[in-house]
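Both complexes shown next keep chain A, but they swap its partner, so chain B is in the first and chain C is in the second.
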Partner chain A sequence: MMERYKGLLIITVSFFLAIFIGGLLMLLYKVSPIDGYKEMVMGAIGNKFVLYSTLDRMIPILLTGLSIAISFHAGIWNIGAQGQLYLAAFVVAAMGVTFHGIPSMMYIVIGVSVGLVVGGIWAWIPGYLKVKYNVNEVVLTIMMNSIAVYFTLYMVNGPFRTTQGSLGATNIIDKGMWFKHLNPLSNLNTGVYVAIVATAVIVYLMVFSKYGYEWKMSRLNQRFAVYGGVDVKRNLMMAMVVSGMLAGLAGTLLVMGDYHRFLNGISPGYSWTGMILAMMVNYDPIGVIITSFIYAVMASGGLQMELMLNIPQELVQIIFVLSVMFVTAGYSVSNKMANRIQEEG
Partner chain B sequence: MKNAVEFENVTKKFGSVTAVNAVNLSIEDGEIHSIIGENGAGKTTLMRLLYGMYKIDSGSVKVFGKKVRFSSPKDAIANGIGMVHQNFMLIDSFTVYENVVLGFEPKRNLSFDRKSARRIVKELALRYGMNVNVDEKVERLSVGLQQKVEILKLLYRKANILIFDEPTAVLTPQESQLLFDILKKFKESGKTVIFISHKLREVKEISNRITVMRNGKNLGTFKNEEISEERLAEMVAGRKIPKLSLPSVDFSKVALKVENVSLVENGVEIVKNVSFDVREGEVLGVAGVVGNGQSELEEMVSGMKKPTSGKIVFYDEDVTNLSVRARRERGMVYIPQDRIKTGLAPLASIKENMLMGHQNKKQFLGKLAFLKRGNIRSFSISLIEDYEVVCKSPEEQAGTLSGGNMQRVVIAREFSHRARFLLVSQPTRGVDIGGIEFIHKKILKMREEKIAILLFSSDLDEILTLSDRIAVMYEGRINYLCTREKSDLTKIGLAMLGMKR
Partner chain C sequence: MYIYRSTIATLTMIMLPVLGGMWTLQAGILNISQEGAMLMAAFFAVLGSYIFSSFWMGLLFAILASLMINIIYAFFCINLRANIWVIGMALNILASSLTILLLKSVFGVKGSFTSSKIQQIPSLHLGNLGPLNAFLNDFSLVVWITIGLVLFFKYVDTHTTFGLHLKAAGKNWQALDTAGISSTLIRYESILINAVLVGIAGAYLSIGYLKLFNKDMSAGRGWIAVAAVIFGDGNFTWTLIATIAFGFMDALGISLQSYGLNSNLTLMFPYLAITAALIYQGVRSYRLKEKG
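== the complex of A and B ==
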């Protein structure tokens, strides 16, 4: 609990520091920071339309963030969310362009399940190799990212190349597989309910269940967990597979809800953003929910800010990167102080 | 007589903790002065203040009458002060003489003069009767010899005031004796020795004067002849320490049987064909110099390691290949030797640490693997009270506790299982005197409840206090096994060095 408060304090202070510096940068554009931020916030949550867009933007970051959080929380380093997302998204899209005439409800259930399974399998492989043969999972998952990304790139330029114009994408998937849009003006769709359920399951697993406890203990001291009778290998596999499933789900929702096809740049680094967010909040799932929302607000409000006040959108990136930097610095300073105090009497 | 060191009203705080509290102390030139106290009494901090590792908050230090203010150990070394730390600061891949001269190498022109470095170190070793090969790499030396390298380092730097921080914690009785001979030689040659320890017997043996510290304060300095061991113990602990006794029990039923167990790791046979049994209500103490197979034997009994051959039988059931969890379910409780690496997750809270091993019990595990947070919290609070763990709350990080309190967390957690067998290793390492008494009582209470206990300890006093029978391991074998009545320090010490009677 103490740790949590300390973390919260560091993150809040860092965030406001970054916002402050962002404000100074706005002054360079001769814009009052208050106006700038007001525009940003209004542009992100000012009305139903923009709020929906912001939430839509939040979903893939939230899911990949949770995916990273769960594996890192357990002490197995799944850097492969990008590959799991891509492969799941592609397989779901490939299915959607191949099979037609399946009843919609059923097709959606099948689509989501396939996405979960593909993401899960793509994480299971490195997980198994890690647990069984102690192969470094970081290297493995990074390599498997490349395999997945280039394999799907090949597929959308070869066998599954679109016949409907634009390149680097599949055809539009069967309508039966689409998540309905909640509002004609934004991309937010019924897939959001799936994301909410998934988030609830993760919060339960990580915060309230025995598994969350055993995962954390395995990360903090694996030997201690073994000593306490925890089946560390099984636990690590479970965390890894669930992590892959979440990344897969992120890809699946992008295909079935947002784009209705697989395209080559389907994830502009969602998994990396998710990873940074997860690490910033020390793998706390609630923290991931909050920070991914804030990130989505800044990202979608940044556009409005640029349109209205002529401040470049990249300012948002600067603020984001600054807060990451301050958080990292904050943790290392507070750890140093803790060590000082601890150094026996 | 002239004073080598004078502390005047020295205070040092770490955060809200006052580690050293207005200490006045003078160390005479040419004496062996011991500082004794529990862990956390401030002995080590006081010495680190003298050695320039910490800065003094208030007060002053005089060395040979001159007021000094060191900002780093370099200043202290330049003023003739040297310190041998609890953890050695040596470079394993360097030879003895290279380590000794490191940082202050003799130079010829601009290059390192190996020849004279080697010669100087050799002469120093000879002069103080230290039998060590100066060309050997440090990684190949025993702990006792590594300590000598540390001492040589100080001598090489021409230290006149030598500080020893719990130097005997890692030594066998015979090695300790050798160290004391060296310390006495230092005294004869006019050097001042400051000796920090919590072992009363040692302090009584070598000191001219003894200072007792408790809670950061100096409780008084005494001439060795003028204070008894009992009185010292009382002052250190702050109260009377009763002697423990072992009521006799009927040892007929065998609980744990170890049969011809061997362990081969990386082609080396670490444990060689070991057999013994532990009976209900009996404490079997296993002693030995670190690295003679005790840790491995301990891990095989606990299930952390699987033996290469042989059998471990627990109440007529072969448990050799059972997992740790399966063994725990059968009532085998384990207090590991290394609480930081094995017994705890220092970064987790006390509460989380106390739950480990209990998390599958109905009391804590609800439907759908939900943890019952309320029960866990009240469980940890009651353990904290029963075992007198000094902490702010169950949410506090276990790693911030003192060594003794960490050990209480481990013991509280393990003793709250329904045990049928207790495997306990180094239960009081780094624990203060009050804590030792507390832990020993708890272990003996388990013994009274007819639980079989296998105790590993490198503290021979502990082995002799608690054990009904004593075994000694040497080079992977059990080299000695005898009842306590027929054992004494000399016999055990010789067995630890591999000599059979």
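== the complex of A and C ==
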């Protein structure tokens, strides 16, 4: 329990330290930090419409963050969320432009299932190779990211290119597959309910079920886990596949809910952001929910800040990176101190 | 011939971070921040070359920028024992955002900057070599530096105590420390050498044959280098073979594009090749272990 409070303290202090330095950087642009942050927060949650946009931006980061959290928590390093997301999104979109006339409810269920399966399979491959042949899953998933991204780019510039305009995208998918937008001004859509269900399932798996504990054991001490009767290999595979399914779901929701098509750059680094957030909070699913919301507020507020005050929105990323560094340094220093206390005691 | 020359260009760009990265890996640190360091170097090469109208200043700025990223990486990974992925990816994101931010703030442009005030790194014209003209003439200075470095690295790797110390720092640092040689120091040295090489690679990217900085222009080259390093696993020959193969695939993809083939499919080649190679390597060593 102490461990948890210590982590919380380090993250909070680091975050405010990064915010403080971000404020100093705003002074370079001759903008008062208070105005800057006010603009950022108002631009993200100031009214119903921007709040909807912020929540919409949060969903893919939340899902990829949970995806990473679950695999890293179990000690199998799925760096491939980007590829799983792209491939699932593309396959769902390809299906949506090919098949028509399926009843809406059924089509939505089929669409989401296909997205989950494709994401799961793209994660299963490196997972299997890791567990069976001990191939480095980190490199493998990175390479598979590039393969998936280039493959989908090829498809949307080749066989599946839109017939309406010259956009690097597929055609609009069948209406029966759409998650309806909740209001016309933002992309937030009924897919949010699916995301909420998925989040609840993951929180249950990681916090309340025996898998959460077994995964952690597999990561911290594999021999002990085996000795304790845990089927480590099966657990690793399960974590990997669930992780891929979540990333796939993120892509599926982007296609079926946000854009109603697949397009180039459908995920501008969501999965990397998700990965760093997950690692910052030590793979705690609740922590991922909170930090992805804060990140979404900063990112969508950053745009408003650039429009109103002429501060580049990339400043938000820099604040984010700074807080990551402070958290990492904080953990390291506190661990060293803890070791020293133990040695002296 | 075009493909030969473009392969040399791509190879140069990948070879430098591969050489540096191979040494840091031998010393026990896989360097994830290559992509970011290369991107930062590319931006600062343009900045330095633009301000002073001198490619030397471009190179210097590039190396300093790369040093900054590498020293942060080294401090976190060596002194603070942080997870290499968190810090590496954070630095890559930092480089991508910071260069875009600086493009906006310093040059007032979005996405891309070019100017006639930027001086390119010169190419070497060796006089008339007859039939060898197309093979040897008018390559960038950086290409020749890289070829020299490959030979130098090969020599240090096999013939000097420093090469031995590097491997010891990675394989058995306790033994090295006991022998009175600081493994931390050796690791820092490998990272600093890497920083200089990646800095040159970054400068080559932006002012080597262009006079331009594009946002995210490193376009995964740093990652290919990391992949080659991991594939070679510290072994000089294998690392070299992997690099040449990947460099060729990458250049081939780009040339096929000029014949009207969809470039995205061809750009997939190097990654498919690496994946196939990794799987082959994994399955083979698994089989060997089962037999032995």
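Just so it is clear, the second predicted complex is superposed on the first by the 342 of 345 C-alpha atoms of A that agree within 3 Å, B and C clash if a C-alpha of one lies under 4 Å from a C-alpha of the other, contacts with A are read in each partner's own complex, and residues count from 1 in each chain.
Criterion: a residue touches a chain if its C-beta (ideal position, glycine included) is under 8 Å from a C-beta of that chain, and two chains touch if they have at least 3 such contacts.
Quick caveat: nothing in here was measured; it's all calculated off a predicted structure.
In the superposition on chain A, contact of A:Leu17 is made with neither chain B nor chain C. In the superposed model, A:Met305 makes contact with neither chain B nor chain C. Residue contacts after overlaying the shared chain place A:Leu87 against neither chain B nor chain C. Within the superposed three-chain model, A:Leu263 lies out of touch with both chain B and chain C [touch as defined at top]. In the superposition on chain A, contact of A:Trp77 is made with chain C only, not with chain B.
When the shared chain is aligned, chain C comes close enough to touch A:Met275, but chain B does not. By the touch criterion defined above, A:Met143 reaches chain C but does not reach chain B. Between chain B and chain C, C contacts the larger number of chain A residues. Shared-chain residue A:Thr328: touches chain C; no touch with chain B. Across the superposed pair, chain B and chain C touch chain A at no common residue.
Residue ranges on chain B touching chain A, taken from their complex, read 14-15, 17-20, 39-42, 44-45, 216, 302, 304, 323-325, 328-329, 334, 336, 341-349, 352, 355-357, 359-360, 365, 368-371, 393, 395-397, 399-400, 402. By the touch criterion stated above, chain A contacts chain C in their complex at residues 29, 77, 79, 129, 132-136, 138-140, 142-144, 146-147, 150-151, 153-154, 157-158, 269, 272-273, 275-276, 279-280, 312, 314-315, 317-318, 320-321, 324-325, 328-329, 331-333. Across the interface of their complex, chain B is touched by residues 1-3, 208-211, 213-214, 216-217, 220-221, 223-231, 338, 340-345 of chain A. Touching chain A in their complex are the following residues of chain C: 72, 76, 80-83, 85-87, 89-94, 96-98, 100-101, 104-105, 220, 223, 227, 230-231, 262, 264-265, 267-268, 271-272, 274-275, 278-279, 281-283, 285-286.
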